[in-house]
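Single-structure report; data block below.
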C-alpha cells in the first residue's frame, strides 16, 4: 500500500470529523439532519475505501448498510417526525453554539493527544483513523449532551455510532464488523421507532427529554 | 488476745457511753457562749431514757422498713464508731474495715435514714431525704479524697496504721495534711448536720434537713436515731483526733496504766473538739440550702488538691 | 472438655430458638422455652465455673471463615465472663417463666431469647476474628429483635433503630481493629494474632477502635445515647439480660482485644480508657438521677457501672504497662469483680422493675409509691439490690469499688505524669459517682416503693408469682454472698487475671476470718462477713435490750401533718422534686436543664404548672447533628436523581472526558 | 466434543428454543410452566459444568471464571422463573397485563437468559459485546412492559443510557483489538480471550489503557456504577418485579463479569496502568453515593435498586483492591448479593401485590400482617445490610479487613459508606416490617419458596462454605490477581 491509501483514508476520516463539527454548529433540525446524511455518505465512502484497501469485501456490506440506512432511510424518517411534530424551527440547545464549538475543538485536541501516546508500532493508518474516530465519538456525545431535543439527540447518537463504524472498519481484519453495524442499526431503529411509537410529543407535549423527567409522579 | 478483745470491747462501750455526753457538752458550750445557763450536761441521757420508755407512734402507712431502719442506722453507726481508735490503736477488729469502709458504713446509715424519711409519704420526709442525699453526694467524695490524702501519706487506709504513722516523727508538717484537716472539718460539720449546713435545733421547714427526715419518729425509734447522731459526732471528733492529734494513743498491747492515760488524753481531745465546735457554731450563721454545694465543693476541691499535691510531690 | 460442653449448650440453645417458633403458638410454649434456657444456662454455668481454674481448652471446627475455620477457646477470662453471662441467663430464664406468661406476642420474644443467650456465649468462646464478630453482631441482632418485640410503640421502633445502627457502628470499628491486627497477611485466628502483636502506633489506633467499638456496645460516654433507649424498650427480663449480660460481653471484647491480642501495652494506653470510664461513671449516674422512667434510670445507671469497670481496666492497663503487674492484677480483679456484681444487682433491679411494671402497668415513677405494702417480697429484694448498687457494706457493690479505690491508692507509684494527674481526678469522679448512685437509688426506691401510692395502679399492685420472686431472691442472696465472701470470688478470678497481667492478687483463701487483703495487711483489709455480723449483732442486741428493758408498745396514728390537715397524695415529694437539689447543682452545666414554672397570679384558681426540660448532651451534641447532616446530605444528593436524560449523559460524558484527561496528562 | 461442551451449548440452545416456543404458545399457564422448566433445565446444564469441565470450543469457552457466573445466573434465573409464575398470574388477574403481553414477557425472559449465557460463554470479546447489547435490549422491552407513562419513561432512560454505554464499550473493544492486532495478527484471534490473555504482555500499554477507560465506562454503565447509574433505579422500579430481581441479581453481574475480564487482561500487561484504583474509586463513589441516596427513597423498589448500586460499588471496590482475600471477598459478595437481592425482590413483589402500592409510606407492619413474608423481608434486608448470619457479613468482613491492611484511610471511607447505607436500609425496614399494619391485608398469592430458598442459602453460606466451593473461589481469586 502506498501513501495514497493512507492519504485518502486520512482525508475521509478528517471529513467525518469536520462534518461532526459542522453538525454541532447547526441550530435547525432539518439542516442538522441533512448534515447527518452527508456524514453518513462520507462514512460510506470511508468504509468502502477501507474495504478496497484491506481487501475485505465484507466491509462493503457495512458500507451499504451505512448508505441505505443512515444516509437515506433514517434521515427521511427523522424528517417526517420533525414535520409531524412541528419541530422544524430552531434547535433548542442547552449550550450556545460558541462554547459548544470551543468544547468540540478541545475534544478533538484531546483525542489527538490521547492517541499520540500510543506507540507508533501500531499501524499508522489505524492510529490516525482511531484518533479521528475518537473525535467523532466524543463530538457525538457532546451533541447529545448539549441538545435538549430528542431528535437531535438521536442524531448525536448516530454520529457517535459513525465514529464507531469508522474505527471498526479501520481496524484491519477485525471480525464481526458487519454484525456490529447491523446491531447498531437495529439500535438506532429502536430509538427512532421509540420516538414514533410512543408519540412522545403527544404524551409529554414536547420531545424535550427534560420534560420526561418532569413528568414523574410524587417521587420528590 | 484477751487483752485486745478487752480493749476492743472497752472502746465499743466507751463510744456508746460518752456519745450523748459529747452532744450535751457542745450544747452547754454554746449556751455558755450565749450567756445562757443551758441544759444540764447530762440532759441527752435523760432525753434518751425518756424516749426509750415511751411507746412508739407509727404513721398509719409506715412499713416494716420504717421500723427496722432505726436499728440498722444505729448499728451501722455504732460499728463504724467502734472501729475508729479513740484511746488506743491496735484494736483487734480494726482490720475488719478500713477508713473507706467506715465512710461507707456511715453511708449505709444515711441511706436507710433517707429511705425511712420517705416511707410515710409526707412532704417533709421527702424534703429532708432529698436535701440529705444532695449534701451527701458532695460530702462523701470529699471525704474519700481526704481519705486518699491520709492514705497516701501513711501508705495505708487502715486507721491504726495511719495513726501510728502520724505518731512517728518523720511525717513533719505537710501542706496536704493541712488541706485535709480543713476539708475533714468541713465534711464533719456537714455530715453531723451542724451550723452552717443544718441546724440540729430547728424545725423550720425552710432550713431543716436532718430533722425533717426524722420528723415521723417517736419513742424508742427516735431515741436510737438521736443516739446514732451523737455517735456520729463522736466518731468524727475521734477521727480528727486520731489522725491529726494522735498523741497519747496507747499502742497495741499497752499496759492498763498507759490505756488510762490514753483515755484521759482522748477525753481532753474530745473536750477541745467539742468546745471548738460550739464556738464555731456560735459565731457563724446558717447558710441557705443552695449555698451548701459551694461549701462542700470547696471541701471536695481541698481534698482533691491535697491528693494531687501528694501524687506530684512524692516523685520528687 | 469444657469448651465442648459450652458449645453443645450453644447448639442446644440455638435448637431451642428454632423450636420456639412453633412452640410460641402453644399455650405451654413459654415455660418450655424458658425452662429449657434455664437448664442449659445452669449447665453452662456449672461448666464455666469448673473451667475457671482449668487450663485453656480449644476446639476448631470447619465452619465460618474459609481458610481460618471457626476456632473456639475456653480460658480463664472466657470462663469468668461465661459464668457471668450464664448467671444472668439462668436468672432471667427463671424470672421469665413467670414473667413471660403475660407477654402479648410470645412469638416475637421466645425464638430470640435463647438465640441471644447463645450468641453471647459464642462471643465469649470465639477464638478467631470472624467468629468473634459474627457472634458479636448476631448478639446485637438477636437483642435488636427483642428490643422491637413490642413493635407497635413508635418509641420502641426508634429505640431499636438507633440501637441497631450503633451496634453496627461498633462492629465496623471492631472490624477495622481486627483488620489492622490481621495485617496484610490476613491472620484472623487469635493464636496467630497473639504471635504477631502490632507495632506501637498501630496498637494505639487499635486501642482507640476497640475502645470506641466495644465501648459503644458497653455504653461508654459519649456513645451511650442509644443504651437508655434500647435497654428499657425490651421486655424486662431481656432488659436485665442486656444491661447485666451484654454490656459485660462488650467489656470482655475490649479485654480480649486490648489485654490479650495486642501484646505488652504502652504506658499511655490507660489514659483514654481511664478518662472515658471516669466520665461515664459520673455522667451516667447524673443522667440516671434525672429520669422518672424506672427502667431508663436503671439503664443510665448501667452506664455508670460500666464506667467504673472501665476505670478499673484503665488502671490495670496503666499499671501493667508501667511494670507494676501486682497493682495491675488488683485493678483488673476489681474491674472483673465489679462486672460480676453489676450483673447480679442490675439483673435484680430490672427484675424488680419488671415486677412493678407487671403489677402496675406503669414505668413512670411519678405514678408509683407505696409498693412496699402490696409487694413486700419484691420490695425486700429491691432494697438489697439498691443498697448493693449504692456500694454499701456489707454488700457486694462495696467490695469491688473498695478494691478499685485501693488500686487508685497505689497509683502514685506510676512514673508517668499524665497518669499521675489523671488518676486522682478519676478517683474523685468515682467517689462522686458512688455518692450520687446512693442518691439515685434512694430516690428510685423511695419514690416507687415507699410513701403513699401516687396512682390507682400503684394502690392496687399485688405481689408477683413465685418464679419471679424466686429469681429475685436468689439474686439478692448472691449479692449478699458475694459481699460477705469476696475472697472466694477474687481467688476464682485469679487465673484469668494472671493470664492477662502476669500477676495475681495475694491468695485470699488462707486469710484469717475470711478477710480480703488487696496488697498487704498493714495497708488495708476488709471483712464483709464481720461487718455483717457486727451490724446485725449490734442491731439485734440493741433491739433486744430496748424491748426487754424499755418499751415495746406501738401505736398507729395519722402522719404528723404540721398543722395542715388533709394533706393529699400530691403533697408527697415526686421523683423530679427529689432530684431538684442535685439538678440545681449539676444540671445547668451537665445537661442544660431548664425549669419553667407557670404560677397563676393570686386569686386565679388554675393549677400551677411545672415543666422540666433535660437534654442529654451526647444526644444533642453528637447523635442529632450527625443525623441531621446525613439527612441534609442525602437531600442534596437526592436532587441528582431527578435530572434530565441529557444531564445524565453529561455525567457519563464528564466521567469519560475526565478519565481521558487523566490518561493524557499521566500516561 | 465432550459432554461439557454439550452442556455449554445446551445453555444457549435451551433458552433460545424456549423463547421460540414461548412466543408461539398461547396459554399463559403453559407459558409459565415452560419458562420455569426451561430455566430449570438450564440450571441443570450449568450445574453439570461443575462436574465435567468442558474444553474450549470455537466460539464458546468455559473457564474457571465464568463457570461461577453461569451457575449462579442459571440458578437465580430458575428460581426467578418459579417466582415469576405466581407473580404473573396475579398481574393477569389484576388486569395489569394482557395475555399477549404475557407471551411476550415469557419469550423475552428466555431471550434474556440466552443473551446472558452467551455473554458469559462467549470466547470472543465481540460476541460478548453483542450478547450484552441483546440482554440490554430485552430488558428494555421488559421494563416498559406495563406501558404506563412511568414505565415507558424508565425504559426510555434505560435505553438511551444503555445505548451510549454500549457504544463506549464497543469502542473499547475495538481498541483492544487494535492493541492485539500487531501481536497476534489479524482476524478473530485478536478478539479471543485465550489468545488475548496469552499475549497481553506484548500489547501496547497506552492503547490498552485507553481501551480500559472506555470499557470501564461502557460496561460500568450496565453495572450501575456512579455516575453511570441513573437508569438503574427507574428500571428496577417500573418493570415487573421478577425483572427487577433478574436485573439486580444477574444482569449487573454479567456486566461486572465483562469488566473483570478486561481487568484481568490489563493485569496481564505489565506496562498498562493498574485498573485497581479506577475500580476502587468508582466503587467507593457508588457506595457512598448510594448510601446517601437510600435515605430519601419513597418507593420500595427504588430503595432496593439503590442498594444494588451500593453493593455493586462494594464489589467493584473489592476487586479493585485485589489480592487473594479481597478478590475472594468480591466473588463471594457478588454471589451473596445476587441471591439476597433477588430474594428481597421476590419478597417485595409479594408485598407490592398484597398492598397494591410501591410507596414505602403506605406499607407498615408486615411482620404482624404477613409473618412469613414480613420476617423473610427482615431477614433479607438484614442479610443485605451485612448482618450475620449471612454470607454478606463474611464478604464484608473480608473486604473491610483486607482494605484496612492495604489502605487504612480508604477503609475508613468504606466503613462510613457501609454504615450510611446500613442506617438507611434499617430506617426503612423498621417502617416496613414493624408498627401497626396498614393498607390491604390480602393473603400472599404464589409461592414464597424461592425467597426462602435463597435466604436459606445465604444464611448457610455465612455459617459454612463447602470446601470445594471455597477452593474454587480461591482459585479464581488468585487468577484475578
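For reference, chains read A, B, C and D in written order, and residue numbers begin at 1 within each chain.
Criterion: contacts are C-beta pairs under 8 Å (C-beta built on N, C-alpha and C of every residue); 3 or more make two chains touch, one makes a residue touch a chain.
If you're wondering where the values come from, they're calculated on a predicted model, not measured in any experiment.
Touch-path distance (fewest steps) from chain B to chain D is 2.
Of the two chain pairs examined here, A-D and C-D, it is C-D that is joined by more C-beta pairs in contact.
Per-chain Cα centroids separate chain A from chain D by 31 Å.
For this pair, chain A with chain B, the centres built from the Cα atoms lie 99 Å apart. A separation of 44 Å divides the Cα centre of chain C from that of chain D. Centres computed as Cα averages put chain B at a distance of 35 Å from chain C. Looking at chain B, no residue sits in touch with two or more other chains. Residue positions of chain C touching 2 or more other chains: 638, 641, 643, 645, 649, 652, 656, 660, 663, 667. Residue positions of chain D touching 2 or more other chains, listed in rising order: 156-157, 160, 164, 168, 206, 210. Every pair of chains meeting the touch criterion is listed here: A-C, A-D, B-C, C-D. Taken together, the chain D residues at the contact with chain A in this complex read 124, 126-127, 129-130, 133, 137, 140, 149-150, 152-153, 156-157, 159-160, 163-164, 166-168, 170-171, 174-175, 177-179, 181-182, 185-188, 190-191, 204, 206-207, 210, 298-299, 302. Contact residues of chain A toward chain D in the complex are 114-115, 117-119, 121-123, 126, 130, 133-134, 137, 141, 144, 153, 157, 160-161, 163-164, 167-168, 171-176, 179-180, 183-184, 186-187, 190-191, 194, 198, 200, 203, 209, 212-213, 215-219.
Chain C makes touch with chain B in their complex at residues 369-370, 372-373, 376, 379, 383, 387, 390-393, 398, 402, 405-406, 408-409, 411-412, 415, 420-421, 423-425, 427-428, 431-432, 434-436, 438-439, 442-443, 445-447, 450-452, 515, 521-527, 530-531, 534-540, 542-543, 546, 550-551, 553-562, 567, 569, 571-573, 577-582, 584-585.
Across the interface of their complex, chain C is touched by residues 52-61, 63-65, 71-72, 74-76, 78-79, 82, 93, 95-98, 100-101, 104-105, 107-108, 110-111, 114-115, 117-127, 129-131, 133-134, 136-141, 144-145, 148, 151-152, 155-158, 161, 205, 215-216, 219-220, 223-224, 289-290, 293, 300, 303-304, 307-308, 310-312, 314-315 of chain B.
Taken in their complex, chain D has these residues touching chain C: 156-157, 160-161, 164-165, 168, 206, 209-210, 213-214, 216-217, 221, 227-228, 230-231, 233, 273, 278, 289, 292-296, 325, 328, 365, 367-368, 371, 382, 385-389, 393-394, 396-398, 400-406, 408, 411-412, 415, 418-420, 422-424, 426-427, 430-431, 434-436, 462-465, 467, 470, 473-474.
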